[in-house]
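In structure tokens below, several structures.
First subunit A sits with subunit B, and in the next complex the same chain sits with subunit C.
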Partner chain A sequence: MKFWERLGKIDRRIIYIVLAVVVIIPLILTVKLPGKVRAMPRTKDVFDHIENIDPNGKRRAILISVDFDPQTEPELKPQLEAVVRHAFARNIPLLVMALPIQGTDIGIEVFTRLAEEHNKEYGIDYVILGWKPSPVAVILGMGNFIEQVFPTDYLGTPLSELPVMEGIRNYDDVGLVMDFTGSSFYAYWVYYAHTPYDVPVATGVTSVSVADIYPFLGSRQFIGMLAGMKAGAEYERLVKDKYYQDQDIFLRGTQALPALSASLLVIILFVILGNISHFATRRKS
Partner chain B sequence: MKKWVPTVIFLAVAVVLIVLAIVFLPVSKSVWVWIAALLTLAIFSILYRDNPIYRIAEHIFVGLSLGYGLAMIWHMALWQIALRPLFVEGRLILIIPIAIGLLYFTRLIPKVSWLVRIPISIALGLGSGIAIPLIFQATIFEQTKASLVLPEMFAPGNPWPGIWAIILLIGIVTTLAYFFFSRKEKSVLSPVSKVGIIFIMLGFGATFGLTVMSRVSLLIGRLQFLLRDWLGIIE
Partner chain C sequence: MKRRIPLTLTLVLGIVMMIQFFVPHQFSQDFKNTALEWLRVIGGFAFIIGLASFITHHYTKIKHKKEGWVYSPIALGALVVMAVVGLIGRSPNMNWLPITVQGQQISVFTYLFANFFTHMMIPLGATMFSVLAFYIASAAYRSFRAKSLVSILLLVAAFVIMLAIIFYNVLPLGDLGEWLLSVPNMAAKRGILLGASLGAIATSLKIILGIERGYLGGTK
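Coming up: the complex of A and B.
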């Protein structure tokens, strides 16, 4: 069997091993990419929008919807953590909710950990509203009166008793809805929050959804987008450079970026070799 | 080779590696991290081939997801929204929506199964009434507006927004022409639709690349968990 034929029939498990090695080595050796991580314009748009929110103004709150489950956590958690760090650094009140059931627990884990890191207090700086069934009814209802949809937070405390909710009644008091999703929940926020109530909406999505988001960016129905693990690293860099220059914080996306770049290079190589092998053997046959 | 041999070899190697890790590495002392790590490895074992360890992990995942979902729906939806307000707070008006919802179960009784049409028609009517105007506004009107090529896009010194808008417009028109099937084989639309194919292929290529990036990110995330949270090799 000739070289190219043999290459075309390579056992997939060898490819898995090569890929695992290529991912593990940069992680263990803490390889750093040459140059600085440069933020894409869509990532910068989200950062700039949050920068322009006045924490004491009318539209002072950010509503964060944790619409993902553990399957897509590696891509979306770095984005979520970076945005939360940014909002905490700027003292912006945060309202956290979830459209799928699992989102609540992910939100609780992330916010509890980061609030402790940033000395933020539950009920004063942020609130976890929790989950309610029927996304359409939830999103539309919150445009009228948030407390009508979530009379209590996830612990059962009435929202009217929480200082963070003071003066926050509906989307008119929200400067940004930030949706992190591994499915198509982003569309719900465009259809049922931005379209009828004109509230600014941005989204953090997995790389696989990026192509579906672009039409909404062109029409400015989303003010910006965080695309996959890469955007998580970009946002981490923006936030670290501005607010945490002297602090040693764990940047999940930044740590993963060299491994991501190396593995993508290897996959490109495999695609090229596979194509050469295919055409070489086809010509022969 | 017997079918069970790879499984036994995998288990033996896993046990040896775990013992070595405990002895030489600053491994996590959390039971939950250990459970998550071992289940991750069990799921990864499918990459070699189908085996009982993978199937055990798969069944645990399915059972756990279902149990978690049911418990959450009971606590955060049924109890909070329906049962507690009705039975504890005495809000009798809730009997009406609860009764309509319960009509879904009439499907199980053939004689009165026609009653299921009531909640279905309410849900369908309400859903369509809310969705159609808003989705039309968001996806047809707004998107059409966004595809317009306007003179102000060609600002002196920066004509790029205008050039992108023209390319976008060509992409929209030619792609739509490709999906216009009721035309003659050699009509005027044929060359236009061929340009559409180029745009469609570019779209497929971008989607494939992004999908690969997405899947690799998931692998990295899991390996980050194993190396950082479980084994403590990386900081």
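Coming up: the complex of A and C.
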């Protein structure tokens, strides 16, 4: 087999090994990319919206829906953590829920850890509502009365007994619904929360879903979007620059970004090699 | 009669719920809230069907020793363990077999459930998903060839988006990537979305009017 032909028929195991190496090395060596992460406009929109929420005003709460499972956790957790840090830094009351059942436990882990880090108290600064079946019924029902859908939190405490819920009845008291999802749950929040109740909605999605979100951004049905791990790193940078300049906080997305960039470079390189081989062999034949 | 009752229910409730959306009267809102409560209760029953299907599928696999049957007892065992540990550990006011973890007294079931989820479920799920990256890299190398004008356009767009992520602080690339997503991509996606939505409306009407009966099971 000629060189050009061989270039187009590289064994897939070699591709796997090269990709594994370029992903693992930056993670182990905690490589830092030069320059600051520049926030894209969609990320900045979410940041600015949360900045404008008045923690003592009418629409003071943020409803966070952890609509992802362990499969997409590495990509979405940096976004979730960055938004929670931002809300905690601004003393915004947080309501946490999940449409898929596994999201509850991811939420519990993230909030328990970050609340301890920020000296926030459960029931006073945030509440974990948990999970209920039938996403459409849950979203629509909360527009009428949150306690009707979630009479108690995930621990079984009546919501009426929790100080964080004081004055929070339905979407009229929510300044932003922030949905983090690895599937199409974002559309439910547009159709059943934003459209009938006019509550501002934003979403954090995996990179593969980004293209699907743009029609909703164009129509302003989403006020902003966090797109993949890169947006997690962008948001971390925005939050750190404003609220944690002197603190050494763990930036999950920023740390993973070099591995992501290296893997994309490898894919580009292999695609170029494949095309060189394609043109070289075609010309000869 | 077996078909007439569900068809009538679908027709009546479908039309009533459509009208309800446009009526702000308190009676209409109360009716909607009751319907939503029913929906949540019915949604809970879907889990029973899912559970039954899961058990039947794996039981049949083990019984007939179908390919890969050795994994079925593991799947069933994991189901039982997680269900028992979760039901006891996550139930409020059920502090069975308490142990001390980081100075706090919690049930051993709560401890096990949290650990199974964090240290087994999450790494296993993330591993399964990350394997996709390797397949995508291999597939892109084999099939992403500039054979025609359309494939060249696709290739260039993909490169711009990927390079915009890699060289995030190189301004023109990031802006070009954003333009690609918010202009040509959005135009195409909006067209697809509108088409799909019109299709969904047509299908919903067919179901409400009893023309489409696939949800009842069978083909007649």
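To be clear about the criterion, the second predicted complex is superposed on the first by the 281 of 285 C-alpha atoms of A that agree within 3 Å, B and C clash if a C-alpha of one lies under 4 Å from a C-alpha of the other, contacts with A are read in each partner's own complex, and residues count from 1 in each chain.
Convention: a residue touches a chain if its C-beta (ideal position, glycine included) is under 8 Å from a C-beta of that chain, and two chains touch if they have at least 3 such contacts.
For clarity, every value in this text was computed on a predicted model and none was experimentally measured.
Peer 1: Scan A:Trp131 for contacts with subunit B and subunit C and give back first, second, both or neither.
Peer 2: It touches subunit B, and subunit C stays clear.
Peer 1: Classify the contacts of A:Ile10 with the two partner chains as first (subunit B alone), second (subunit C alone), both, or neither.
Peer 2: second
Peer 1: Once chain A of both complexes is superposed, is A:Ala259 in touch with subunit B (first), subunit C (second), both, or neither?
Peer 2: first
Peer 1: Kindly classify A:Ser160 by the partners it touches after superposition: subunit B alone (first), subunit C alone (second), both, or neither?
Peer 2: Neither: A:Ser160 stays clear of subunit B and subunit C.
Peer 1: Where does A:Asn91 make contact in the superposed view: on subunit B (first), on subunit C (second), on both, or on neither?
Peer 2: neither
Peer 1: Thinking of the overlay built on chain A, is A:Gln102 touched by subunit B (first), by subunit C (second), by both, or by neither?
Peer 2: both
Peer 1: Name the contact category of A:Ser184: first (subunit B only), second (subunit C only), both, or neither.
Peer 2: Neither partner.
Peer 1: For A:Thr195 in the superposed arrangement: first (subunit B), second (subunit C), both or neither?
Peer 2: Once the two structures are laid over each other on A, A:Thr195 reaches subunit B alone.
Peer 1: Touch test for A:Asn275: subunit B only (first), subunit C only (second), both, or neither?
Peer 2: Second partner only, subunit C.
Peer 1: Overlap of the subunit B and subunit C footprints on subunit A, residue-wise?
Peer 2: 16, 19-20, 23, 71-74, 102, 132-133, 136, 140, 154, 207, 210-211, 215, 218, 228, 230, 260, 263-264, 267
Peer 1: What residues of subunit B sit close enough to touch subunit A in their complex?
Peer 2: Within the complex, subunit B touches subunit A at residues 47-48, 68-69, 72-73, 76-77, 81, 127, 130-131, 134-135, 137-138, 142-143, 145-147, 168, 203, 206-207, 210-214, 216-224, 227, 233-235.
Peer 1: What residues on subunit C touch subunit A, complex-wise?
Peer 2: On the subunit C side, the touching residues are 29, 32-33, 36-37, 39-40, 42-44, 46-47, 90, 92-93, 114, 117-118, 121-126, 128-130, 133-134, 136-138, 140-142, 144-147, 155, 159, 162-163, 165-166, 168-169, 171, 174, 178, 181-182, 185-186, 189-190, 193.
Peer 1: Using the touch definition from the top, list the residues of subunit A that touch subunit B in their complex.
Peer 2: Touch residues, subunit A against subunit B: 13, 16, 19-20, 23-24, 27-28, 30, 71-75, 77, 101-102, 104, 130-133, 136, 140, 154, 190-192, 194-196, 206-208, 210-211, 215, 218-221, 228-230, 250, 252, 255-256, 259-260, 263-264, 267.
Peer 1: Considering only the defined contacts, which subunit A positions touch subunit C in the complex?
Peer 2: These residues of subunit A touch subunit C: 10, 12, 15-16, 19-20, 23, 35-38, 40-41, 69-74, 102, 105-106, 109, 132-134, 136-138, 140-141, 144, 148-149, 152, 154-157, 207, 210-212, 214-215, 217-218, 228, 230, 234, 260-261, 263-268, 270-271, 273-275, 278-279.
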